[in-house]
Each structure stands twice: as C-alpha cells, then as structure tokens.
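Got some structures for you, see below.
Each of the two complexes below includes subunit A, the first together with subunit B, the second together with subunit C.
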Partner chain A sequence: MERLRTGRFWLGFYTLAVMAFLIYLPIVLLITFSFNDSTIMSLPWSGFTLKWYEKILERPDLLESLLNSLWVALIVTAVSLVLGVLAANAMARYRYRGRILFTGYVSIPFVMPWLILGISLLLFFNWVGIQLSMFTVILSHISFTTPLVAVLVAARLHQFEPDLDSAARDLGCNALDAFRLVTFPIIAPAVIAAGILAFNWSFDAFVVTHFVIGSEVTFPIWVWSALRYPRNLPIINAVSSIIIVVEMGLIFLAEWLRRRGGGERLL
Partner chain B sequence: MSNREITLEVRELTKRFGSLVAVDHVSFEIRRGEFFSLLGPSGSGKTTILRMVGGLLTPDEGQVFLGGKDITFDPPEKRDVNIVFQNYALFPHLNVYDNVAFGPRRHRWPEAKIREEVTRLLEMVHLTGYEQKYPRQLSGGEKQRVALIRALITRPQLLLLDEPLGALDLKIRQSLQLELVDIQEETGITFIYVTHDQSEALTMADRLAVMDKGRVLQIGDPKTIYEQPQNRFVAHFIGNTNMLEGKVAAVEGQDVRVRVPKLGEFWGRPLDGADVRPGQSVTMSIRPEKMRISRQEPERPGYNKIAGVVEDLIYVGVSTEFIVRVSPVKTLRIFAQNISREDDLWQITWDDPVWVYWRPERSLVLVE
Partner chain C sequence: MSAASMTRQARRVRFRYAFYRNLGLTLNIFPPFIYLMLLFYAPMAIMLVMSFWKSGFMTLEPAFTLDNYVKFFTTPIYVRAMVNTFLIATGSMIALILVGYPIAYYLARYAPQWESLILYFLIIPVEINFLVRIFAWKIALGRSGIINSALMSLGLIEEPLKFLLYSKTAVVIVLLHEWLPYVVIPIYLALKGVSPDVIDAARTLGSDRWSVFRHVLLPLSVPGLFASFVLVYIPMLGEFAVPALVGGPSAYMLGNVIESQFLSAGNWGVGSAIGFILLTITLALVAIVIKVAGVEELM
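Showing the complex of A and B:
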C-alpha cells in the first residue's frame, strides 16, 4: 500500500515535470534569447543586450500590427461580454427552451477546429458578400469569444439558485435593478475573468484571422510573415516576451478574481 | 370570520407548459389575516400558483385580485405580495443585514428606520448578532428564518411561503412551525403556506385547499377536510383511511347499503347532497380510529362488522395500531386507544381471530 502510494507520487511528479519541461522550457528559452546579442538563436551566449527591444520601436509595421490587434481585441471583448452575459443570463432563467441549441453553440470554440471555423466564416462572408477587412476579423472573433464568455458566466450563475432574480423582483426591483443589484454583483468575478480570456483569445487568434482578414495585418499575422526572414527572429522574441509577461499577468489576475468570487478553478 | 374582507381572490387561474396543464382553472378566496394552506403532492401545481400570484409567471387564463384590485398583469415589484422561496433564495453576496434590508431600501425607507426594523425582526426570530454573517455561513433553519423576515419586513398584504420548512429535519420543522404560526398571529399578515405534508397543513392552517394534477379538489377548514373528504383522493391524501370498494345495493333514507365483493355488505353514509343510486360504484372510507376491534363477535345491532386475523400490531404508547387481514387481498388498519374498559384489547395478539366493527355513519360513501 505504502509502496503503491509513493509509486503514484513519483508518477505524478514525473508527469508534471515533463509537462513543465515541454511548456515552460521553450518560453524560458524564448525570453532568454530575447536578451542575447546575436541574430542566431543558439549557444554560445554572445552577451546581454536590450537592442532587440529598442528595435521594436523602429518597426512601424510591427507597431501598427500590435495596435490593430489591440483595438480589435478591445472591441471584440466589449461586444462578446455584452452578448455572452445576456446569453448566459437568458439561459439560466429560461431553462426549458432552446437548451440543446445553446449547448451546441456554446461548445463550438471548444470542439470545432480553428481551420474549419476559419473556412466556414470565409465562405459565409463570401456568400453574404461582405468585403474582407478588420470588420470581418472582429465579427469572426466575436463568434468564438461570445460562447467562451457565455460558458464562464453560465457556470457561475449555475452555482446559485435560479430564484435569485425572482427574489429581487419580488422585493421591489424592476428588471434592470434586479440585474444591477443582484445578478451582476454575483457574476462580476466571472465576467472580468471572461473578459480577460476573450481579450487573449482575440489577440492571439491566428488561424481564423488568416482566413478572414483583408489587406491589413494583425500581430499574429505579422509574426507569421516576419518569420520568413531570420533576421527578424530576435525582434519577434523580444516582442513575444513582452506579450507573454503581460498575458500571464492577465491570466493570473483572471484566475485570482474567479477564486475570490468563490468560483470553480479555471486552470 | 365569514364577513371579513377578502385579501386575495384567484379566479379560473390556468397555466400550461406545452401540453401539460400545470394549473387548471383554479379559483379560491382568502380572507384578511387568514393562514391558508395549499396542499398537494409534488408536481400538483402549488409553486406555479404562487408564482402567478406573485407576478413571476403570467397566467394563460384567469385573474388575480389583491384587495379587490385586478393585478393579473402587474409586474412583481408593483404587487404588495412577497414570497419566501422553496430554496430560500438569499442573496449570496449580501450579509444577513443587507439581505433583510433589501426590500426596505427598494421602498426608500430612511436608513434609521431600516436599522430599527431589521434589528427588531432579527430579535423576533432569535438571530440577533447574525447581521454580518453571509448566507453560506448559516444553517438551513437560520437561512429559512432570514428568508422569512426578509419577505415580511415591508409588511406586504400577503405573504406566500413555498414549502419553507421542506428542507429541514423534523425537530427544527416542528419548532419553526410553532414560530411561524406565532409570527403570523403577531403580524396579522395573510399567509398562503404551500406544503405537501398533510399533517403540517392540518395543524397550521385556518383553511386549506387540497390539490392534485393542477386542480383544486376541496377547500375547507382542517376538520371538514378530514371528516368529510369530497372524494377518494382527498380521503386518501389527508390522514390514514381504509377503503372498501363496492356497489350500492340499497338506499334507505340517509343510509346506503354497499355490497363489497368477497367481504359482505356494509352500511355507510354519503356526504350531504350526494346523489347515490342503487347499482352505482362507490368507495367507503373509514378512518382507522373510527373502527373498533374485539375478540368476541360484537352484539351491537346496526353496526358494520367483519371477521379477520391480526396480522400485525404496533404498540405506540397512547394507542395501538392493528393490521387485520379480512381477506386474502385486503387488510384493515385500526387505531385503538389503550384505555378500553369494555374490551379485552390488551390480550389481543398476533394471529388472533378478531372482529372489526364500526357504526354505519362512520363509513363515508364516496362517489368519485
């Protein structure tokens, strides 16, 4: 029995170690080499430098793509938060109608390959006759961040009794006050967490964006095209390092907010 | 009581969910200050009625009047009616004080008055000192009491309680039952108390409505419902009863002779005004405490009697419950007080041949 337990412990330990190695080592390497004074990403170490970080500012194409990704992600986050919260709220209240349809829609971003999603969105825009542009990028991102928000917020709502909204109405709130004073405070931690995740998903989106973007460039698209020239590599490293740090910070913030609100663990 | 004013009137109220008729043309009136109970098995439509009265559901047909005013389509916040929900529905992000103060704040009471009232009500339900606690830190009974005073504090004309004690264990239930009746008398607020526990309804309510499958089967005070159930369902659902099924053999004045296959013929009495004819199928309902048991054949002219064998007996202190087999497919249940001077009740034991007998007017003849 004791043997078995230590055996299990070591199995778990190795699994974690391997996963950490696979996930974190490349990130550590990437960040490390962003400070390396060489265009080649290999040892020996050629000395510490911040010049790749300075170079970021000298690349208007890079800056423009970052800016594009930022405002796209902001709009996508705002819209998908509103839609996702409404969807989750409606589903928590009307539990009998449209359940299956909703479940199907909400699982799209988790089960559908990005490639398929990208192709079908492209076909859809062609069919409707919408010119590809940042607008189509925003629409596409909203199509998969809204279910993400809805799932997270619905999970939070389901932890509580369905009658809370009714109780608020019963005690003298109109529909808006009931949402403002009861439903929203309860789902707020999940909403903030969902917003951060939606922002990340949109900011990161490459595959779908690749299909539906016009002549403009978002950051992931810029990276993809810049990779064709090896001399860009250190700059990509530098900018990626910044993004990694910011995103990790956001994710931890989201998780902290969720736990503080008594939610289920996300990670 | 009869000429007191009507607080709530519900007229032909109907609600359908798809093809299911959850509430089926229900009508009743509730007088001011009354403790009225809606009693019925799970799924009989009790909660649905409360939600329509409270404005959380719109009826498909029918009307709701509060204090004579038609409120059928008023939103919940405009109705002078509050609900204590089946699962309490306390706001998890607010402490006890803010939960109770929620209604008064919506009604723009001054904060000083709110403080005074919340403190007074918390004291009334023995929760002084709980102001800063959150719902997740409360026991079931404590949550129930917070939910009650939260709904009560604004003094609505009508309070709707949806199985408020359903989730609690017997001990707490019983003490809270008494507390609730006291509170109702003290505040004078009209209560509609939903339950599927018949003993709760019988002990607490001034009047009750027995429901099944969305319909109201009978409305009356506990004694009438118990002694004169209108039909088989009510007789069976309220208290214990023995049922004998047969056909009417003869009608003589008030009394009816019923032939029960394989058991014989028995005299019984239908409810006033019931139309009973020879040949009709009827059910006799006889309460266990109205039957007597003896080892000798009773010498009582006019009594109904039947021979059987004691299959089981359960001694419960003040009384003894006998299960007597009177045919291969039928047993009767008899409650006997343990004070009988006229009988040898004490000596009756398992497998004894016995006689069960009762007065004709004790067997109620039911048509439905």
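Showing the complex of A and C:
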C-alpha cells in the first residue's frame, strides 16, 4: 500500500512537471512578455507596460484579419455541419453495400496531411482557373472540416440502436420527423462538439490557407507574416494573450453551462 | 379484410418504406460525396497527373516524364530533407509515447478527483493558435531566451546553449508540445475502457502491479497507441511551420521543400512529385495500421 501511494505521488508529480514545462512554460512566457517594455523578448525585465495592447487598436490590418477569420470560420462551420451530418447518417444509420467504402472515402481526408491538401487545392484552383480569394479559402477549409464533423457524429451514431429510428418510422414518423425528433436529440452533443472543433480548425488553419489565399489576410496568415518583423512581435504577444484568456473563458463557460444544464460532456 | 389483401398492403408499406429509405440514403450520400470528389479527390488526382508533367521555373507543360521524381531522388538537399523528416518524426513519436504514456496511465488509473481538470488543462492549449505557440517557444529557447538565462544565472552553464534554437532539438521540443495531448488522450481513453474487474481478476490470480501492466493494461491500450500514431505521426511527416520557424536549415523537412517549390522556387512539378510521395507514404501507413489493428479498433 505504501508503495502504491508513493507510485501515485510520483506519477502525479511527473504529470504536473510535464504539463508545466512542456505545455505551459511558453504560454506563460508569452503572456508575461506581452507586458514587457521592450521589443526584445529576453531577460532582464525592462519594465511593465500596456502599450502593446494599445497598439493592437492602431493596426487595422490585424483587426481586419481577425474579422476575416471569424466570418470564414462561421461559414465553414455551418456548411461542414450540414455536409458532415449527412455523411455521418450515411456512414452509420444505413446498412448497404459500399458502406465501408463510403466511410473510407469520407475518412481519408481526415488523415491526409494538411500540406498535401493545401498544394493539391492550389494546383486545382489554378488548373480550373478560379482566382484565389477568401472564397477559395472557405472551399478549402470545408474539405477538412466536413470529414472531422462526419467522423465525430458517426462515432456518436454508432453508439445508439439504429432500431430507434426504425421504431419512430414504424410509429408513423416520416424520415424528416424521425431525424428531427429521435436521431437529432441523440447526436446533438456530438454535433455541438464537432461544430466547436470545426470552428477552431478553420479559425486557426494556417497550412492550407497559406497556399490557397490570394492577397487577403486571415489571422494565422497575419501572424505568419508579422513573425518576420521584430517590431511586430510584442503585438503578437498581446493579441495572443487576449485570445488565450478569451478562449479559456469560453471553455470554462461551456463547461459551466453543461454542468448547469446537466447535459453531456462536450470535450 | 382478407388475409391476401393484408399481405398486399403489408408489401406495399414495405415497398414504400424501402423507397423512402433509399431516397434518404441517396440524399445523405450525395452532397458530401460530390463535395469531397470536387475539392479533395479531384485535386489529389490533378497533383498526381501534374507530378508527371514537364516542369521548369514557373512553367508546367502537359507531358509524361519521370523527371520530377528523378530530380527529387538525385538532389542531395531533398534526400537529406526526407531523411530529416523520418528521423524527426520517428524520434518525436517515440519520445511522445514515452512522455505521454505515464500521464495517460496516471489520468486513467490514479487521479479520479483531478482527471477532468487535468484533461481540460491538456486540451486548452490546443485551442491557442499554433503559430503563436511556436513563436512562444522562440522566447523560451533563444540564445538569450529564458532557459539559457535561467541556466546561466544558476551557474550551470557558462555560455548559452546554441543547440536549443534553430536545431533538430528545437523542432522535437516544439513537436512534443504540439502533439502531446493527441497522444495522451487516445491512450487515456483506451486505458479508461479497461474494466476494473479485469484488473482485479489479474491481481486475485497473483499478478503483481508490473505484470498487470505488462500483460493486461499494455496489450489493451494498443488500440489507443495505434490511434495516436495515425493522429500524430502522419501529420508530423507533413510539418513545415515548425522547422521553418525554430528548425533552421539543418532541420529542414519535406514540408519545407514542398512549400518552397510552390511558393518561392516556382517548380510546381517537383513540388507535386514530393507531395505525391508523401501522400503514398501516408496511405501506406494508414493501410498498415488498419491491417494490423483492424478497422473496428480504430472506429
């Protein structure tokens, strides 16, 4: 028993140490240095300042990029939820020849490195003659968020008896009602979780966007180009700190709502 | 009502049911099928075709030639990038499992009261833009970065450690940071799925804790290991932002070669050929995992 307890203690200690150094060290440094009165991010500490936060407002290009990422992510989430739920239905609610094949068809994009997706879409748009723009960015994001939604929702659908749906149909529901009244309430938690993830993937997508964006700028693209100019670095710190705090807040809010509503876990 | 008309009616109902069911299936399949055909499979096919085209600086002409592939395999810096890619991805994957497994084990077996809190803190950084987190590592790892300053002020080293930034070490550290949650969570879920009764049974039959781990938990966590392999190893092969930002020329990976072929060197044919090689490796790895682990294990 004594050995068990020390084993548990050291494992816990190890877990916290890895989380602190490998996961949180850079994030804490990032937030700390957003208040440092110097463009060079190293010790010694040059004094406390809020000026980098004020500078965010002086950068219309940065605000525009954030706004662009926001509306792109909203459209991508909406479209990929529809396409993904349809695909998940076909993957999990029906029995037919070719079901495994269709599942593979939808899942392969899920494992494909984004770099390959990015270059092949660039070649494709170029070949078809579609000008690169926010529109091509949206089209490209949907290609990787749809499989994400499909895989997550299908996993949830697999857990429930397909007979429930048939039962509703036998009792007089039409297909749409059976979906609306029976299936959807069951998959709703997975759909919400998939929507949140799809939004995040699109908002943060850098690799694919890097290849298929024209002259416009999303937030990750702004960060990528800003990284080349040292005077921008503290502003990246400041805006990232704000995003980190907002996102942590949103996660805890979602969790709090879930506990309050007695719903299922989202994460 | 006669029995015959009843069966007729039943048949009609069944027919109508089958019709609507098939219609429903069709309506469910087609939109995602067509979308992915146009914006995933067609682009992949075009990449494959163009990898055989005659390619020069900013030009690409229809042809059938293996020049792009030959150029890739005969240019030393490209071959070195490929070797780097496998060294870095394989080394990081092994390190990730060694670092992540104990955490997953702790979460699944020993930490009932902290479980969800630790999971949250593991997931939260994933939500933070990845480029920003790579950049944050530059603050930590630079010559006058925090780690060097701390080690020097403690008197452990006299000069800054140069290998911390712009090296393979830096790439591996950042990859560990990026992918750790994706390794821990599948293993955690697999270990969590092991019924306590199974463990009790092993203990009752005289196993010590090591043999419970070795003969019960480890084999049962293999699906989790496979899942994290697919989730992590394959994307690492296509990495280019990490080596570009913290790796420097000595750590260039295939991703960097591909990116520069498309966005600066202007040789799309060679870029397509390397892209197609990477695609083939990806599909081969997935096929091997499915063969070894079985589809059911992964779904």
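Convention: the second predicted complex is superposed on the first by the 213 of 267 C-alpha atoms of A that agree within 3 Å, B and C clash if a C-alpha of one lies under 4 Å from a C-alpha of the other, contacts with A are read in each partner's own complex, and residues count from 1 in each chain.
Rule of thumb we're sticking to: a contact is a pair of C-beta atoms (placed from the backbone, for glycine too) under 8 Å apart; a residue touches a chain by one contact, two chains touch by 3 or more.
These figures come from a predicted structure and were not determined experimentally.
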item	value
First (subunit B), second (subunit C), both or neither touched by A:L50	neither
Dominant toucher of subunit A (residue count), subunit B or subunit C	C
Contacts of A:D177 with subunit B and subunit C, given as first, second, both or neither	first
First (subunit B), second (subunit C), both or neither touched by A:F160	first
Partner chain in contact with A:R169 - subunit B first, subunit C second, else both or neither	both
Partner chain(s) touched by A:I186 [first = subunit B, second = subunit C, both, neither]	first
Partner chain in contact with A:L101 - subunit B first, subunit C second, else both or neither	neither
Set intersection of subunit A contacts, subunit C complex versus subunit B complex	96, 169, 174
Complex interface listing, subunit A residues touching subunit B	96, 160-161, 163-164, 166-174, 177, 181-182, 185-186
Subunit A-touching residues of subunit C, taken from the complex the two chains share	17, 20-21, 23-25, 27-29, 31-33, 35-36, 39-40, 42-44, 46-47, 50, 99, 102-103, 105-107, 110-111, 114, 118-125, 127-133, 135-140, 142, 144-146, 149, 173, 176-177, 180, 209, 230, 234-235, 237-241, 245, 255, 258-259, 262-263, 268, 271-272, 275, 278-279, 282-283, 286, 295, 299
Of all residues in subunit B, those that touch subunit A in their complex	17, 51, 54-56, 75-77, 81-83, 85-89, 91-93, 102-103, 106-107, 150-151, 154
Contact footprint of subunit C on subunit A as seen in their complex	4, 7-8, 11-12, 14-15, 18-19, 22-27, 29-30, 33, 40-43, 82-84, 86-87, 89-90, 93-94, 96, 100, 102-103, 105-106, 108-109, 111-117, 119-124, 127, 139-140, 142-143, 146-147, 150, 155, 158, 169, 174-175, 200, 204, 206-207, 210-211, 219-220, 223-224, 227, 233, 236, 240, 243-244, 247-248, 251, 255, 267
